[in-house]
Amino acid sequence: MTTQTVTTRTPPPRRLPSMSVLGPILALVILVIVGALMNSSFLSAGNINNVLSRSAFIGIIAVGMTFVITAGGLDLSVGSMAAFIAGLMILVMNAALPSLGVGVPIILLGMAVALVAGILAGLLNGFFITTLGIEAFIVTLGSMGIYRSLVTWLADGGTLSLDFDLRTFYRPVYFDGILGIAWPIIVFAAVVIVGEILMSRTRFGRHCAATGSNAHVAHYSAVNVDRTRLATYAMLGLLVGVATIMYVPRLGSASASTGVLWELEAIAAVIIGGTVLKGGFGRVWGTVIGVLILGLIDNILNLTDLVSPYLNGAIQGVIIVLAVILQREAKAKG
Amino acid sequence: MMTIPGPVLSLRGVSKSFGPVQVLHGIDIDLHAGQVLALIGENGAGKSTTMKILAGYQPPTGGTILLDGQPATLSGLRAFEDAGIVLIHQEFNLAEQLTVEQNVFLGRELRRGLLLDKTRMRQLTRDYLDRLDCAVDPDTPVSKLSNSDKQMVEIAKALGRRARILIMDEPTAVLTGSEVDTLFAQIRVLRDAGTAVLFTSHKLGEVAAIADRVTVMRDGHVVRTDAARAMTEDDMATAMVGRDVSDLYPAKPGVAADAPMALRVAGLDVPGWASDIAFDLRAGEIVGIAGLIGSGRTEAMEGLCGLRPATTTRLEIAGNPVHVRSTQDALAHGLCYMTEDRKLRGLLLTKGMRDNLTLQALHRFGRVVIDRGAEDRALTQAIADFDIRAGNRDVAVGNLSGGNQQKLLLAKIMQSQPRVLIVDEPTRGIDIGTKQQIYAFLRRLAAEGRAIIVVSSELQEVIGLSDRVLVMRQGRIAATLADDDINEATILRHAIGVAAPQTRKAS
Amino acid sequence: MSYMKTLLAGTAAIAIAGSAMAQDAETRVIGVSIPAATHGWAGGMNFHAQQAVERLEEVYPQLDFVLSTAPDAGTQVNDIEDMVATRNISALVVLPFESDPLTPPVQAVADSGVWVTVVDRGLSVPGIEDLYVAGDNTGFGRVSGEYMASKMPDGGNIVVLRGIPTTIDNERVAGFEEAIAGSGIEVIDMQHGNWNRDDSFNVMQDFLSKHPQIDAVWASDDDMAVGVLAAIEATDRTDVQFVLGGAGMKEMVQRVMNGDTMIPADVTYPPSMIATAIEMTAVGLTSTAPVSGTFTIGSVLITPENAEQFYYPDSPF
């Protein structure tokens, strides 16, 4: 064959990372600086521990949401799913208390219930979306209502509370930790590390991105599109279960108001982090930044008196939109 | 022919740079009223940029644009449109969910007071379509139209903008043969009414058929402008490529009679598309599949590879009976299909070359964690093997030229190390130089011992490449041709069903 | 499961009521429209409404009840319109989701001659209802404030958690601030915990980071008190002497009863006021006893001495 001489070009010089990478980091750094200037206790170990622990639930869920959104899906049901799983977990543990007594086995039982229920709930969403081909928005809007009603029904409109002794025994899972780092933070970090590797270094991550980017291309490239999507929902369900395991020991209760709007916070964190809402590109580390930004806004507003509490929501809204604009601005420039 | 006054639109010494890269070097182009100018050149020769400058999508970095002989001081798309210059994109610029009429007047709706003047818009749309001899109903949603009708709507839209200079980017790339004839008839109508037309095409036969004059570009320079009558197709190809391309197809070395059987298919049924397909294929052989559009060629092959529901009574790969129910099965047996639609089904346009290259064969790049180093090496190898030209390895694949996308697609399929490779329309919409390369790649892959099926609408391609040819008609194999039977007339006869009795039938 | 039974019983009661109405023209129907059980207090209110309906249907065979719960104001308007159109109610007991959107439809019901009892939240236009069973939000705040002032005679620093920004919350806080004025108690911080355990937990954690010395917390609601207590327990801070909630959640009442120093008292805002309203309406329909006017259910301070009479172990709240 005839080959023409290829014009060799010198590789372009290393440029600064693009704004889509820097944007969320920059927003986070600015928030930290603002927080530190506003209140001296902002950077104290106690406060940082508090904020990170609190963010862990949304964070763990948001990591799962990153995969779902990257693969071109959406899940609105995670908040009420968490409430339902928390309720179920409490009921099962209370019911098993007479036979198992207070101890490690009953905690493990509760955890197993949460994980299994999470996976099943995720698979159910995924089944309707992939096998039956119903819009993810509709399916998960439906299951959002279903789980919310189920937990209200389980609690008879009130609050389900873990037995007091059991709660005392289980409590350290939220409040204690290793070397002063609370368990929720450790679990969150582990989930993030596994998630980041899964997303950027494994077949599954590539398949998610390919599916979300163009499902036809993925199909023609021998990617099992339905199974990939199903797996993202199952994984998100599992992570909702993990988040619930960390949530229940904190207050030892679940009610109809548990986990309200968690789904929107998780989705917001994912998008702030630079994952594309319509799918095809996702990054787990970005989601972590998004979660931290959301957590810090609340914290800073509580620590300062500058803004009327009535305007908290407005401040949050402005920062979320700004964080996303910061990235888009960069995209437009190329 | 009427006497030609001066050109209506000209480029004089126009150059264009993107950053440090200069893509146009002082080019001169003239468009005359009542004439069709064909702008030809390989992918990357600068045709697209030239058209964009002519239509005001991009300003030149040097040189002048003359409108009616005067230096034009137009700036912005709207100013060019107001001057009667309209560019019709290769990918149509139509709102699929809106009707033909709504599209024709999109952004320039006529109003009577506060309300839309629907009657008048419908009347005018009808007028434009009549002028184009087009029978489409103005109330049809564009999504329901065929590609040729969409093309007509684009032209009607241009008429609605009182276009006197019409620039068409590869208008025939997505059209069938008869649709091309219709389009050309309408272009002639416009030309005779005094419109200046510029169009690009990779099909040199079409250029010879419709163009009055031809401008050939290569590497950002205009290398030749001449009357179409003064150039043969070979002249054009040689000018475009800069070397002789008369031997477009590689030599056929012939298939050894004892070559092992690579694929044996019996009773392949693809519901609604194809039935009772049976054929076999030896290692080292290239078999062409010809047939009219809608004959079930593509669907039969997709069914074979598990891409759509299908059944076979018997399927053997390398002598072993196998079952293929999914793309994953097909892949496991070394059976790979390269889609005809590289943009919608073949490549992830927003991703880089590396992600695309390895997508189908990720299991080869690490058991759990993907080995990025190995991926990079594979890309380096693929770039060398398939002569993929991209300025930057990280560029989004959507920004590559069609030819380079096609080469990348072929490289991607080859990552799965297929034993049986089915390529569908392997050279659609790419230039002649790249075509020649792809033909050479395919023959080389066959020589390495792979078995290859080439599905194509271009008869010349099927004839030039294939050791044997299967002709499909209405979902069945109408004939299997070999040796001297592989010629245009015989293939066509079987494809449309007027076969002479002495032709060998499929077994 | 007992939940199931309750639900079934309720459904059965309504079904029987429906068939009874068809047979006996003298049967009169009372419609009860309340917000759905989306938080603890509303859950308790739902419980008491159901209990009252079941009990009264036995006491008054000539009365039928229609109970509907609504997740938002719009649904509640639809519910009320349906009751009038299809059940021909003689009386309506309504706890308005919001005052403004419910005022016109309830007025229309009243104009058609149906007895109207309004509970807790008043309508925007006075005089529509025949009977108003009111909670006293200003009083709730005042009782809380007075208790705080008496418990901290030397004054001190307190933080306040507020509910969802509404008139109810504003009235409570106004009553509270009025009561502590001049007592030496200083409110050093105030944030919305939205009557939610998780939100109040977060707010309290941040208060603890921000303020080195907090003497007491007015959580203003028992659900929020749960979150506040969890946040305090997680630290080794000893400066917070007590937390005052409100509304009378059974767990909190129990802690008061047991003499818990962190929860020395509670202030009622009884969800059972709905039961009072239904019962008074039933009396009004079946007897000549005068029940119209305004009946205010005051907020009462629960202390270890009287806690037993506010403890309902069966209630979900």
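Points worth noting:
So that you can tell them apart, the chains are marked A, B and C in the order they are listed, and the count of residues begins at 1 in each.
Methods note: a residue touches a chain if its C-beta (ideal position, glycine included) is under 8 Å from a C-beta of that chain, and two chains touch if they have at least 3 such contacts.
In this text the structure is predicted, and so the values were computed from the model without any measurement.
The set of chains touching subunit A and also touching subunit C is empty.
Greatest centre-to-centre distance from subunit A is found for B, with centres as Cα means. Relative to the whole-protein C-alpha centroid, the nearest chain centroid is that of A. Averaged Cα coordinates give subunit A a centre that lies 34 Å from the centre of subunit C. Once the centre of each chain is set as its mean CA position, subunit A and subunit B turn out to be 44 Å apart. Annotation: 71 Å between the Cα-based centres of subunit B and subunit C.
Contact residues on subunit B toward subunit A in their complex (touch as defined above): 243, 250, 307, 326-328, 330-331, 337, 339, 344-351, 355, 358-360, 362-363, 368-370, 372, 387, 389, 391-392, 412, 416, 433, 436-437, 440-441, 444.
Those residues of subunit A whose C-beta lies close enough to touch subunit B in the complex are 1-4, 6, 9, 12, 197, 201-203, 206-207, 209-210, 213-214, 216-224, 280-281.
Residues 39, 41-42, 44, 46-47, 50, 54, 152-159, 161, 175, 250-251, 253, 255-258, 260, 298-299, 302-303, 305, 309-310, 312 of subunit A touch subunit C in their complex. Those residues of subunit C lying in contact with subunit A across their complex are 2-3, 6-7, 36-40, 42-44, 46-47, 162, 165, 189-192, 195-198, 201-203, 205-207, 209-210, 223, 226-227, 230, 234-235, 251, 315-317.
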